[in-house]
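Shared chain: subunit A. Partners: subunit B in the first complex, subunit C in the second.
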Partner chain A sequence: MGGPKPLSGMQKQVLSLYRGFLRAARSKSPEDRRQIESIVSAEFRRHSKLVDRKNFLYIEYLLRRGHKQLDQLKSPDTLKLSSLSLRNLKRP
Partner chain B sequence: MAAVSATSVGFQRSLNQSSRTNEAAEKYSRLRLVSRGWAKTKFPSLRTSHFHVYCAAKPETVQKVCQIVEIVMGLEEEFGISVEEESSQNITTVQEAADLIEKLVQKKPE
Partner chain C sequence: MAVRAAILRHIRVPVMPSLRKSQTWSLLNSLRSMSSHGDDHLNKEEVIDRVLSVVKSFPKVDPSKVTPEVHFQKDLGLDSLDKVEIVMALEEEFKLEIPDKEADKIDSCNLAIEYIYNHPMAG
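Entry: the complex of A and B
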């Protein structure tokens, strides 16, 4: 078969977190959901480029942080997600 | 004089290590950025902690696994099923995905 290389435990954890976010996004309104999905996927992809793949300590920290954010997002009181870029703030 | 020879031995060692690391990095991942931080004025720093190979995850892999997750999530929604994480790892072809969906749809209590 020669299928894909099996993922490591940590890679699985990251993907499972990603899945959790996409699942949590389903419970929000269609417009917010789209926004959540775009922010979440951009963040995961951004960190995948930014973070050294051997920097397990930092990845673990990001995982913990992500799970906390996911818990907040899961709450029905949370309606949407927003992000702001500091680079854009500099310009008036 | 003794100091100089000690220096060269140390340097040799760190070079060896660097080539070994490079080899490993090339084997398993694309090498993204190699920073060799030795101080400008001094002889190359011998502390191995100054040598750092930075490599991010392979972009193809990231793209691929993220897309798989997204596709599986889409299928789940479409068919009203829940695919376990373990089984979604094993999907390699459309046929396998179809078989899995069929199995899960039948299992679903109506």
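Entry: the complex of A and C
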């Protein structure tokens, strides 16, 4: 992996989105929170291995999609991630 | 502690008799943050202890490797997503919200300790 490199702008955006999800999860019940955290963490890790880090267009698309899902999650009506369109999270 | 006792003594008597408990508490907290290094500011040993115990309790971390000098990526093999999780756990432990710009810079126990120790609201 080499030594620590400064984060690129896009990496920062991804980390900021991840932070946003974890913050939003805090406002849910402890059980839902744990579930949300494990799904979100698994999704980010899966994509981090799957997606070529030079595929900027696709990463930008994922960022936009992630922000939409985060907005949904932030709504107090959304209790669990399963009520989001999780199927879209899976790759075609 | 002496400071807090002195403040309490002043507040309790007729000054604001109608204060509810919660209001008194928030008033005390705001007074506390004004005294930059008063008696009840977190001392460094406590910050170090609590930061280290948060890092040690992280599932991917071998607790025996954790020292105040340890670097999250180089020494503990954590990636950037792990780092986000650790910094968020520290936020909760010290009741802080660390802005993205600062959070991105915290990549070692040492930096975390310095940031929290110098934060006026850390509790």
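Criterion: the second predicted complex is superposed on the first by the 78 of 92 C-alpha atoms of A that agree within 3 Å, B and C clash if a C-alpha of one lies under 4 Å from a C-alpha of the other, contacts with A are read in each partner's own complex, and residues count from 1 in each chain.
Convention: a residue touches a chain if its C-beta (ideal position, glycine included) is under 8 Å from a C-beta of that chain, and two chains touch if they have at least 3 such contacts.
From a predicted model like this one, the values you see are computed outputs, not experimental measurements.
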Subject >> Contacts of A:15 with subunit B and subunit C, given as first, second, both or neither >> reply: both
**OP:** Check the contacts made with subunit A and report whether subunit B or subunit C touches more of its residues.
**Re:** B
**OP:** Go through the superposed model and pick first if A:65 touches only subunit B, second if only subunit C, both, or neither.
**Re:** neither
Original post:
Counting only touches as set out at the top, which of subunit B and subunit C does A:45 meet: first, second, both, neither?
Top reply: both
Subject >> Which of subunit B and subunit C A:53 touches, first, second, both or neither >> reply: first
**OP:** Check the residue A:34 against both partner chains and state whether it touches subunit B (first), subunit C (second), both, or neither.
**Re:** neither
Subject >> subunit C-contacting residues of subunit A that also contact subunit B >> reply: 1, 3-4, 7, 11-12, 15-16, 18-19, 22-23, 26, 41, 44-45, 48
Subject >> Complex contact set, residues of subunit C against subunit A >> reply: 71, 73-74, 79-81, 84-85, 88, 92, 100, 103-104, 107
Subject >> Interfacial residue positions of subunit A with respect to subunit B in the complex >> reply: 1, 3-4, 6-7, 11-12, 15-16, 18-19, 22-23, 26, 41, 44-45, 48-54
Original post:
Once bound in the complex, which stretches of subunit B touch subunit A?
Top reply: 29, 54-57, 59, 62, 64-66, 69-70, 73, 77, 85, 89-90, 92
Original post:
In their shared complex, at which residues does subunit A touch subunit C?
Top reply: 1, 3-4, 7, 11-12, 15-16, 18-19, 22-23, 26, 41, 44-45, 48
